[in-house]
Structures are given as C-alpha cells and as structure tokens.
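Two complexes are shown next, each including chain A; its partner changes from chain B in the first to chain C in the second.
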Partner chain A sequence: MPELEVKGKKLKLDEDGFLQDWEEWDEEVAEALAKDTRFGPAIELTEEHWKIIKYIREYFLKYGVAPPIRMLVKFCKKEVNPNCDLQYIYKLFPQGPAKDACRIAGLPKPTGCV
Partner chain B sequence: MPVVDGVELPETPLLDELEKGPWPSFVKEIKRAAIEQEKAMKAGKKIKLPGSAKGLLKVLELAYKEKRTHWKHGGIVSVIGYGGGVIGRYCDLEDKVPEVWHFHTIRVNMPAGWFYTTKALRALCDAWEKWGSGLTNFHGSTGDIILLGTRTEHLQPMANALAYLDKFYGSPAPFDIGGSGSDLRTPSCCMGPSLCEFACYDTLKACYEFTMRYQNELHRPMWPYKFKIKCAGCPNDCIASKARADFAIIGTWKDEIQIDQEAVREYAKVIDIEEHVVKKCPTKAISWDGKELKIDNKNCIRCMHCINVMPKALKPGKERGATILIGGKAPFVDGAIIGWVAVPFIPENELIEKCCEILEAIWEWWDEEGKFRERVGELIWRKGMDEFLKVIGQKADVRMVYAPRNNPFIFWRELNP
Partner chain C sequence: MTKEVGIKDISKPSKQLIKLRLEDLMKLPPPYDKPGEEPPLTEPKEEWRERYITELDGYIAIDIPFDKPKNKDEEQRLVQRFLEGLKKLLDKENNWTFLQPLLLSLEYCAKCQTCNEACPIYLASGRKEIYRPTYRSEVLRRIWKKYLTPAGKIFGKFVSGDIELNWYTIARLAELAYRCTLCRRCTQVCPIGVDNGLIAHEIRKLFSQEMGVAPKPLHELGTVQQLKVGSSTALTPEGFKDIIEFIEDDIKERTGKNIKIPVDEKGADILLIHNAGEYLSWPENPAAFAIIFEEAGISWTLSSELVGYDAVNYGVWYDDVQLARIAMKHVEVARKLDVNRIVVGECGHAHKALCVVADRILVDEYNIPRESCMPILWDIVRKKKLNLDPEKNNFPVTLHDPCNMVRLMGIVEPQRKILREICPQFREMEPHGVYNYCCGGGSGFAIMTSMNFPEWRNKVATRMKFKQILTAFQDCIDPSIKKYVCAPCSNCKGAIRDMLDHYQATMKCGIYYGGLVELIVNAMVDIEEPFIEMF
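Now for the complex of A and B:
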C-alpha cells in the first residue's frame, strides 16, 4: 500500500490515496495530500479550499460521515462565494468532493455504491 | 498449461466447465481476449496492460476454487471534472496477480437506441485495447457500454481518448463517460421510430435531449442516490422501464386503436381471431363477428396484445403522447418497486418540455427531503402520494392507484355478465 511522508513520519494510505487512519490528519498532512500527484493532479490550496476542507472535517468529526453534497453546496454559497455551485466546487477540487475534497480533509474513504 | 493459437493460457479446470454447452460463455470470451492481447503484444502494439485478461482468468479460477470473491469492496477513482462514470475496483491478490490488482470500470454513454457504425465500435475497441484490458460489455443494465478493467493512471488518458475518438481513432463521433453513483444515470431509450412502427413518440430525440440538458446532473453526483430515466415508445416497454427506471416515459395514445378491417380479414385466414385476440384481451374489449372487428376503446387498457398479434391490421391511435410512471427500482432499501402512474398523459408535442419541468421539481424535492440511499419511489411511500402530487403539480387521478385494493368485503361487478 502507498505511503505519504510528512514531517519524517510515514503515513499509511489506501489504494485511492485516502488516509488509513483519519486521526493522523492535520493541516500539514492536508498540504501533503493536496500535493501528492499519485492520485490526481496537485492542488494549490487557497483560502476557499481551506474553508471547504475545514467544513467537511468538522462535519465528519461531529457526525462520523461526509456531509451530503447539497449541504456542502449550501455552505459554499453562504460562506465561500455567493456564486458557488457544484461546478464551482469541481473547479476547486477537479476530481470532485469525494475523491479530492474528502481525501485532502483526511476522511476515511466514503463507502460508495455504484 | 493449455496452449491455444500459440498462446499459453492458465490452468482453469473449473472455469472450463462454463464453456460447455451451446450457449455463449464469458469464459470463452475472456480467453479470446487473452489470446488477442498476446497477439497485439507480439505485433509490437503498445498496450498498457498486457496479461490482464490472463490475470482475470487466474483470479476467477481461484475464486471458484475457494468459493469466495477476490474483489475488494469499494474504491474511489475519478477523472477531472467528473464525479461519476468510473468505478474503482481492486483485487486483494496484489502480490499473486498484480496484472489485475487495479481493475477499474469505465461506463461510456451509449448512443440513443444503441446505434453504432462498425467504425465507431472499432475505434472504441482500439482505444480500450491500448489503455485497458480490452474486455468490454455491450451493454450494462443501465445501457452504457462497459469497459472492464484498467489501472488508476490510465483512466484519464482513456477518458481523453474517448473525448477525441473521432480525431485519433477514426470514430465518426467522440464518446463521453456515462453516469454512476448518486447521479443521473445515462438516460436510455428503445429504438422507437427508427425501426419500430409502434412508437408513439420520438424516444431517441427525448433521450438525447435529456442527456444534453442534464450533463451536470449526469456527471457530478449530488443526490441522495441514483436516478434513472428511460424512454419506451409504447406500452410494450421493450426496455423494461417500468421496472428499472425511477422516471419511465411510456408512449401511449388517447383516442382509438386504428383498425384496417380488410387486413383483419386477411389475418382471419391464418389465425383464429376469436381464440388468439378476442379471448386474450384482458378487459374483454374486443368483439369479432367474422367480418368486422370492434374495440370498445373506453375499456382498452393499452396492453398492446391485439396490436402485437395483428400489426398489419391494428395501430396505436392518432392522438399520441406518453404516460409517466414514477418510482420503479430493483430491491435495496425497500424491495423491488414497479413504477406507477404519476402523469396519465402528456401530448407528444409537449412531452420533452413537460418532462423536464416535472423532473426538475422532483429532483428539488427529493434532494431536500430524501434520506441517504433513498430512491424517489421510497420517498413517495414515506411521504405520501398526495405530497408528491403537489410537488409535480398534478391532481389525483384514479389511474394513479398503485394496485386496486384486494378487499374481501367488496365484490367487483362482472365486467361482461
């Protein structure tokens, strides 16, 4: 399984680049996850990115799951940018909220059913 | 090791059983793909996943032997700008069969009615031979073309190849990725007026319009769960939309079945109309005196039987349009649901616009009220049909009854005493 080195510590990732242990996350880890090109293009984290990452992280710590997309979009419209819609979020996180935003926020891999 | 066409295949005694018998066999096809892959390699073609079809045989054989799957649950992969359409799949035999450690699936939006030229098919296969296992499934249950098995790093190049399939692979048109996850799944339709005289509206046009208009909903999952639209041209419903689509648009007519009495008399020479048509009408709406066929159209439930038996003599009426059925789905949270009537009739010329209006109202309501993994049919069951009717701006109608009550205290009057 892939690993990610942050501050000399080797963190375990899964095949899709999600942290194996969500408790190991901090802001430096987020920066490293965003720069990791093994699981998608590198993302330069701006203030807008951080607002979204922190919202997702806090929601997860409170409820144990990632927020529904509808709530994420509502939050972004209110707190990030009044023009924000789902496409705007894809501009910030090109591979989408699950693969990029949740991964960088250090959430365990969302269980997906296709 | 068995050698076929100069290619060594892995030992697969259990899988070989599935090649026996006269029917098609997926094992036969995977073996063919393994041989093709090896030939392509020997011919010097640059293919990215040599040996993946062989690897698949090994993993499958092992799964049959041990009676357990070696595919892991879940996986989140993506291409830029898309949240759906590529499905992550990993095998737990990373060391033993590294060729199929990653085995992701790509769904490709099929053309309306599944019409292709061989040029388009060749282009698709050439691109997939290069970037993936070369294995395909035409088509998956939602209707998409399924490309089976590639690695994470080849997903984006394959998506690009699809987008430029016309430029670089000689396809008449490029292709796009389809839907997966909690998004609008790739809309599908029957071949409709392109080949079928029963079509009561242009299913291909409707399907295309929905696909183009709802690109955002199709590619970027945002809802509680999946949503499927299927367009069937008449009540024969060849695409089984009523059982498989949350929103089924089924062609129908309002006026009278068109009858060519001369042609009916021709049929009378070769079939027993009384036995095969009159008696088989579920509502006993047909009579035949040996010269003239009469249909009591008020009691006809548009089952299509008489038209299917005598297509040269009978045709759907002239006032055409479609019925919208809501809520169809396979079992998951609640059991399987067959769709039921949400809008009894929309005339053909208003159909697409009206459907879009209703779809958007439904999505807004369902996205706000629906629980995680709750399909729209289940939400209606939870909230009640009256609330749903307010959402779509319809009045209650007797045709919307899900199933007539089976009640021992009421005895239905014989229809034809």
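Now for the complex of A and C:
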C-alpha cells in the first residue's frame, strides 16, 4: 500500500491516496497530502483552501461524512468568497471536493451512492 | 488482430488474458467520432499487479488483496473452498433465492449465442470474447460438470469440455463476475429464458458468502457499514437530521415555500425511503420530493432510524445474507412507524431489493406493501394536484430507464407519461423501456471507484449509454443548447455524472443530468427561479 512520510512517520494511504486512519491527520499531514503528486496535481494551500479543508474536517468529525456539496458551496459563498460556486471550488481543488478537498482534509474516501 | 480467447484459456498462466485497445472499442457518434476526442486507456500500476487480480483484463474490481497461493497445497485448498461454495449454490438448503433458475440456466443453455448481441458490454468492448454473457457462464458450467457431476468425474472433458480449476481460473472468474452489470438484457432475448446475468450474480455470491471476497465499496464500506452506522455513505442519524434542516432552509431560499419535512411521524400512510446518496450528492432530489408530496397533500414521512434513511441494499448485487439483513431492517423501521406502505424513491436497485427479492423473506406481519414512487408521481401529475407549466421545461430532455424499474418490474409508463406532460422537447432514446440499455453503473459499478475500475466503467460499461444519449441529442448537440438526461435512479445518476465528466460532455455537448422530480418542481408555476440549476 502507498505510504506518506510526515515528520519521519510513515502513514498508510489507500490505493487512491486517502489516509487510512483519519485520526492521524493534522495540518502538516494536510500539507504533505496536498504536495503529493501520486494522486493528482500538487496543490499550494492558500487561506481559501484552509477554510474549506477545516470546514470539511469539522463537519466530518461531527457527522461522520463530508458535507453535501451544496452545503459546501453555500459555506464558501459566505465564508470564502461571495462569487464562489462549484467551478470556483474546482479551481481551488482541480480534482473536485471529494478527490482533492476531502483527501487533503484526511477524510476516508467517500462511500455509498455519492 | 489478437488471437481469440477460448474458454479453457481462463486457466492458463499469463500476465493478462486480454488487453483493451481504444481503437477496438465501439465507435461513438459525433463529436466523438474523431480520434483524440476521448481520453486514452491507461496501464495498471505495477504495484497493483502484486496485490490484486490484474490477470483478466488489467482492471481491478476486487479491491481487496487476493494472494496467489505459495504452493500446490495452498492452491488445492483454494480450489476446494471454491468447490464447496459451488456445491452450496446448487443445494436447496443453501440457496434459498435462486436455486431453480440457476440450475435451469446451467443445464439448458443451447449455446445459440443470441444473447451476445444484446449485451452492451460485449458490444461496446468491440466484441471481446471474455465479455460475452455466455463466456463466464460456460466457465462455471464446465467446472460444475467436470468436478461435481458423476459423469464429469469419470469422463472428464468429454462431458464438460476442457477446463482446469486452478488459481488463475478462480481469480479471473472473481473479476469476471464484475464485468456484467446484471442488467439482464441477455435473459430477455434468450429464446429459452437462460439467465446469464443471474449466473454472474451467483458467482459473486459464491465468492462473498463462501470465500469472503467482495469489492470493498459493496461489502465492508457498503452493507457492513450500513448495518453498523446506518448508511453505506457513513451518514449517521444526526447527520441525516442536520441535512434535513439544511434542505428545509434551502427550499425556503429557492422557492419561498415553508416546508416542514416530516421525519419519524408515526401512522403516516407512506414511509418514503431515499438512497442516502441523494442527501449528500443531490439534496435537490429529496427536496423536490418534499415539495411535491406536501403540495399534493400526501400523508408521508421519512425515518431517521439506522438504515431507515438509506434505501440502498447492496446485498442484492452480491450476497443474499446481507440482502436479507438490510431488507428486514427496512421493514422493521416501517412497522415501528406503523405506516401502510413503504415507497422507494428514485433508486433502481432498492426497487429490486425491497419490492421484489425481499418478498421471499417478508411474510406474515412483515409483508408490508412496498412500492415504487413512479405511479404515485404520475397520479399526482395526472390529477393536476400541482399547477405545472410545461413551457418552463422547454429544453431537450431524454429519459434513461433504470433496468430494475423497467426490465425487472415493468414500471415503464408512469415516468414517460409525466415527461410527455411536462417536457415539450422530450425525446426517447432508442431502444428504451423494457429494452433499455444499462447506464453502465448497475450492480455496484457506479460506486466501485477504486484504482482503475472507473476507467473500465467509463470506457466499456457506460459506452452504449453514452452512445444512446449522444444519438438522442444529435439534432441539438451544439454545447450552447443545454439539455437534460433524466435518470430517476441514484446509481444511474452517479454513472452518468462520471460519464459526462470522463468525456467532458457537458462542456463539449451541453449535456446535464438529474432526476425526474426535479423536472416536476421546475415546471411548478408558483416557483419563480428555475429549480434545475443548469441555466
């Protein structure tokens, strides 16, 4: 299985680059996940990225899932940028909210008919 | 040309039985008829080859490690376990669902090959031998005859045809069971009713129930997670309630309507169960249901109990035990709420699981009526319980038929009667209704997204549907004309979303997708802003 080295510690990823154990996540892990080019283009995390990552992470800790995309877009409009829509989120996270934003936020890969 | 692959080749050691090539795949209509319009095929990563089964076609559906036996003894034990499982499939005590059709299908196939031309995967692949509906069935049939019938044990290949049961055969067969969407179009055209789709299903069952081999999204993260957490999406009851609140606010914002979505209301007429994927990926769908049911004065409720807010039952694709557990939970929730009936939302496989297959276990007090949402929706539209203006839907619309609603259950007319009433530019795909083609996401494929499986789905499994969609819109294929594929099923929507993304068809052809209820709400006279947001 792929691994990610952060602070000398080897973290396990699944074959699609998602953290195997969501509890191992912290901000340094997020930076490392964002820089990893094995599962998509590298992303330079800006303040806008962080707002989204933290929102997703908090929602996940509360409810066990990523927020619905519609909810995420609403949050972004309010807290990130008034012009934010789904396309804007794709500009920040080129592979989309699931493959990039959730992955960098340390969530498990989304499951079910989503 | 590569050499044709025969049945017995499945047992032969080789790196990969076949390799797909873009130029062999079924041709697509414009604008995809020119080279370079679709993404190329990729090679599996070398490290995948060590851990997973890439020996079939290089694609991986079984995303759990499937170790090669280290020696003859280990291989023999694997063979024995497989044969034990096969015996159970053929045994009355152990196969309470499909024993008879399985036996009939194994015994009576006349090998006329009529079914092949009905199979979207076989055709889309450019007629690859291993994807014939009869190929995997014949492999299983030969194993059964050679190893489990008295004649086969004595006379070997003279009665069974040649086949060797070894690691290669077993591993490739496990993958091959996941190269069929269980759409059962092959069954429909068979002159004597042989069900090759069922055989694929029974092979999956053998692997899951006997050998613990099933794709993670179906089993570990699917049925197991659903029974434990409440939903295969991992959505908890608290999360569900949070999203319901969000949907109520969203409805208010978009339509001005104050709608209180009934949750856990005892004694309602209908318990409506949606695929929980809707809440996370398409909350406008449950929102539209709520608007329609409230406006039409229906007595209904949702449930926030574990499993009660997720209609999915992935067991129907691979494991009868898991199927039964989930179906029982659905009915228990309905009994507690004391409703008259369960209505399944826009989810095809949940229709099959709850309305059809679960019939075998839901007897006596558990036999609560279980229905499709389609006739109810048509009834609401037909009786003009809503004020609808078709002009609001004046854009090209086509309808994708979920296999489980049309071919399996014969629910064909309500959905298109609605569209004929409210979409002036509605046009059918050809063929449609009970002769429809699968979206390519059936039987779990839409949610199996590990490694390179989505590539196989997009290139092969959904190719026929993509061709149909493009053909239906050829007169308006210009991207400036926005058009809508109505797909009243969560799985189909997922597959179509990924297909449009893979081929960049929204950008190149202006194709959007969504459910049926969204179109109904979009046509409501008293809602000012378009409910469907492609515009």
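The rule we apply is simple: the second predicted complex is superposed on the first by the 111 of 114 C-alpha atoms of A that agree within 3 Å, B and C clash if a C-alpha of one lies under 4 Å from a C-alpha of the other, contacts with A are read in each partner's own complex, and residues count from 1 in each chain.
FYI, a residue touches a chain if its C-beta (ideal position, glycine included) is under 8 Å from a C-beta of that chain, and two chains touch if they have at least 3 such contacts.
Note that the structure is predicted; figures quoted are calculated from it, not measured.
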TODO: Please work out whether A:P110 is in contact with chain B alone, chain C alone, both, or neither, and reply first, second, both or neither.
DONE: both
Open item on the list: Under the stated touch criterion, which partner chain does A:E15 make contact with: chain B (first), chain C (second), both, or neither?
Closed with: both
- [ ] Give the label of whichever partner, chain B or chain C, reaches more residues of chain A.
- [x] B
- [ ] Mind working out whether A:P41 is in touch with chain B, chain C, both or neither, as first, second, both or neither?
- [x] first
TODO: Look at A:I69 in the shared chain and tell me whether it touches chain B only, chain C only, both, or neither; answer first, second, both or neither.
DONE: both
Open item on the list: On the A-aligned overlay, A:L61 touches which partner chain: chain B = first, chain C = second, or both, or neither?
Closed with: neither
TODO: Give one of first, second, both or neither to describe whether A:P94 is in contact with chain B, with chain C, with both, or with none.
DONE: first
- [ ] Show which residues of chain A both chain B and chain C reach, each in its own complex.
- [x] 15-16, 68-70, 109-114
Task: In the complex, chain A residues that touch chain C - done: 1, 14-16, 62-66, 68-71, 108-114
TODO: Enumerate the contact residues on chain C facing chain A in the complex.
DONE: 48, 51, 63, 217, 221-222, 225, 229, 231-236, 238-239, 242-243, 246, 250, 275-281, 283-284, 310, 312, 347, 446-447, 449-451, 490-491, 494
Task: chain B partner contacts - residues on chain A that touch it in the complex - done: 15-16, 18, 39-41, 68-70, 73, 86-87, 90, 94-100, 103, 109-114
Open item on the list: With touch defined as at the start, can you tell me which chain B residues reach chain A in the complex?
Closed with: 73-83, 87-88, 90, 102, 152, 180-182, 216, 220-224, 367-368, 372-373
